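Both complexes shown next keep chain A, but they swap its partner, so chain B is in the first and chain C is in the second.
Our next item is the complex of A and B:
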């Protein structure tokens, strides 16, 4: 029983990080970033490359762990900016930006996956166990350090991002842009600068989730597909742009996946998740976010 | 002769194939408070948007304190706006482009977002609350829950946060009850501009009567300079000026 709780928490936190990136990007610049899965694998491969090089030089212990996380986040942030440079900056003030950027990010994602295949080959690459190898007994469940660390790190990162968005000047700027682009322009917020900042942050969060998921599943050219799909489901269910809604939806979907995988079968997971999101959108067309936040319009 | 704060020469602007402003010239001098009157759809909003670079396209020279902020532009709506805002032009747009999910305080602070006023935002906020006292008890309330008049105060107050040299206020009275619009316009007209300037676009001429230095009429995208003399024919505004109800 307890092991379902822990695997639910792990899945929630990993998918939640990706979903918040997708959600923030959509809400602030109106771009549904389908290349988020590609950015996810970019983070995974950056972490993998770093760990290979570092291990060759005899780096180990905490230095290797922290370095792997940082490399994953940095790599994904850089690729997030690259996606911005290709799909956001050139298209931003053209007609039909939403559709065009959707197509552009889809193209980046498809081409990117093939590029990974050419560079790294189809075999999965392992990441180092950044939280160590141990197992803790909690009640009748045995929880690995990887699972526990993943939950803690994801929760802390999320809390930090929320704090930053609530209290800092750039956070205010991002929230302003999400709520009223015209108002934001009038007070002097630059859509382009802020947009690139959002893409870098979304990238870094996705990179972190890649490293955390890399503790359980290895990195492969297509390993970003599931996080992208589930991330999209969660950000839709949470109400695009609402952080509290996304967190709740991530919890819901994570546990739905854990319970389905435990008591039915892994192959039923997509059915259950899509069924849930359809159900949520039937009753709350704008997602869960509206329940949890003040007036939006 | 003093250099004008804002000098427009041969400015045209519009959206797509529609040309709204036709070869327009305008000078705003330091310390001036100008009323811009005209019917709906004659280009008041477009004129103010052009100054901050928010129209679809524009052409012609716009000098702000001697610096060129206009020029020919066919796309890139709003791309130069952050720079122009930082130079010291502050726009309170038509309707209210406030941030409904943010608190009144955050809404006001966002007006001080660019420039050095961010560090002085507390004093600045106090100043704005003195101009619009009804906002004081609402500071921590979400702006989306306010009444129309309160939202407009937030929108105009946000424009006042930035210590700008030139304030552009677009139709402060639009859609408000007469008593509230009187109070709002009166508050705007009492603000000490120093050597800055203010342009208030307004349909309701009596609201501005006797409170602005110059009234410019706008018709079909062209300025009809100084309709000041015509003011005598307009019935005087009624109601308690400055009363907040």
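Our next item is the complex of A and C:
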């Protein structure tokens, strides 16, 4: 039973990071960043490149691990900014921004997959095991270091992001934009600067999830598709823009996936997830975040 | 078409035919509808002084020419490669036309298109492989499966708006792919591919002949899809949805006048989904199998690029965009992944720089030109000073502009003649022969329009006269402009003159 809990936690923490990135971007600048899958692979590949270079120079141990994570996050953040420069800045003040930026990000991800294919070829690339090899016995379940480290790092990062949003000035600006973009602009919050900052941060979150998932699955040009789709589903179920809702939804989806895979069959996982989201949305069109807000009130 | 040269300046070129009164002019209708085939209006040609029939909507002609070219070019070229390319283009175009129906007409931003196609394709293919059903039955099965799928995925559409629904459906293809990969019945054998499905076109004498017939069947499929689009989009249900098309206010308005637009949307979605399932089954039965590629996100994005390049929400955009993209991806096969990059860049450019793809370009360019002209007019203000520069392009009749310019110049000239001498001359002798300048000025005053024209009102003959302004409206009396009373007619005439001169000065 406990191993189901752990595999559920791993999946939910990894996908939850992607979902929070999507959710924040949508809530603050009104753009659905569907190039998140492309950014995911960008993070994976930059971590891969770093690990290759570092391994050539003989770096190993904690330096390699930390460097890989940082490289993945940085690379993904840079690509997040690039996506912003292509799809957010030029379109931001034009009419029909939402649909057009959606299409633009889709076009970027179409291009991106092929660019990875040209540069890295179709073979999957492995990432170094940043948490080392090893197994911990928790109750009757055996948990690998990778799983445990993934959960811990994801939780820490999430806490850092929440802290940033709560207590820093730029976080305050972002929250202002989430509440009322026009009002925020009127009181002097730069929509463009804040938007690019949000894109960089959600890119970094996605890059982190790429490194974490890279422990289990290898990086390939199309490896961003599943995180993107699951991330979308989670952010929808959580109610776009609500971090607590997204966290709860990520937990729910991760466990649903793990339980279905364990007790039913792997091929039912998509339907269970999809059915769950449809169920949530039919009863709560604003997702779980809306539900949480109602409860608080 | 008439033989005279038409097209003057910015005017639209409209093909015109002479009307022959001896022959009764019959309007053709589309079968079972009251809609005329060609949108013709009668017009009088001021140059030839003859009656003409003018084609106001040229689209049917372009459709005819375009579709004939699409049919005849590949058949005439006759190479198998070209035939295959255009066959694929026709199938994709049919899918995109149905997608346009969902996005454009129903206004539902659904990405479940290829998932629906795949369901039809795999369902019908599986039944054909396992139970050996014939292709007509496969098509029916595909239709039913597509409609069923459409019904299921339209359930959340009622509650979710716009982009939320797009997000939900974007993942569907990926989920279907996972399901097929992991299910034993479908995916276990050949990595998700199905083989040995019953074919519509049997193998004929030569490969070229077979390919030609296959291409023609796909073309017929495209025609069917366009017919469905036309019937739904141009029909009653399309009209109902157009009322609720663009904004929340429109939706409220539509429900206020009794249009159940939600239901209409779901109907369109179901019809389009059924058609998509049909296309899926058709695909299986044409290729003789199907593969997991149909569920890949990249193919979905490629199809989106086709629609975006052509122009979102228009059938012609879907078809042209598809032909362009399929040509790039199938003709330049040796470019490898670069050709997809080219398509992606095209799609990105059309999102960034055009308002609605290739077919929105015309309106966009026209608007740019109008803006340029306006700016130009504002800069070279001389001729057009009689109105705001921005209203200049809206005045269709250029003689109005000329008249205003003439009157402005005339007023300027008359104003320069106003002098104490002139006024004294009029005071001396309001009636009778005057100097040239005064005579011209009085002529100008006489020409003024009746509303607010000054006149003399006799309260008491030879004793009390007043200046009034005419209302210009029958039954509405003139208004008295001031309380001055003049004791002679000549003094009153001069008072009117002074007022008019004042107005001329102020203009």
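FYI, the second predicted complex is superposed on the first by the 293 of 297 C-alpha atoms of A that agree within 3 Å, B and C clash if a C-alpha of one lies under 4 Å from a C-alpha of the other, contacts with A are read in each partner's own complex, and residues count from 1 in each chain.
Heads up, the rule we're going with is that a contact is a pair of C-beta atoms (placed from the backbone, for glycine too) under 8 Å apart; a residue touches a chain by one contact, two chains touch by 3 or more.
Nothing here was measured: the structure is a model prediction, and the numbers come from that model.
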Clash or fit (per the criteria above) of chain B with chain C on chain A: fit
Which of chain B and chain C A:52 touches, first, second, both or neither: neither
Contacts of A:192 with chain B and chain C, given as first, second, both or neither: first
Touched partner set for A:107, first chain B, second chain C, both or neither: second
Partner chain(s) touched by A:32 [first = chain B, second = chain C, both, neither]: second
First (chain B), second (chain C), both or neither touched by A:142: neither
Which of chain B and chain C A:169 touches, first, second, both or neither: first
Partner with the higher number of touched chain A residues, chain C or chain B: C
Partner chain in contact with A:270 - chain B first, chain C second, else both or neither: second
Arrangement angle, chain B at one end, chain C at the other, chain A at the vertex (C-alpha, nearest 10°): 60
Which of chain B and chain C A:182 touches, first, second, both or neither: first
Shortest CA-CA distance in Å separating chain B from chain C in the superposed model: 9
Chain A residues within the chain C interface of the complex: 32, 34, 37, 86, 90-91, 98-100, 102-104, 106-111, 113-115, 117-118, 222, 225-226, 228-230, 232-233, 235-236, 240, 265-267, 269-271, 273-274, 277-278, 281-282, 285
Complex interface listing, chain C residues touching chain A: 109, 155-156, 159-160, 162-164, 166-168, 170-172, 174-176, 178-179, 181-183, 296-298, 301-302, 304-305, 308, 336-338, 340-341, 343-345, 347-348, 351-352
Contact footprint of chain A on chain B as seen in their complex: 52, 54, 75-79, 81-82, 85-86, 91-93, 97-102, 106, 109-111, 113-115, 118, 142, 144-145, 158-159, 162
Chain B contact footprint on chain A (complex, rising order): 93-94, 169, 172-173, 175-176, 179-180, 182-193, 293-297
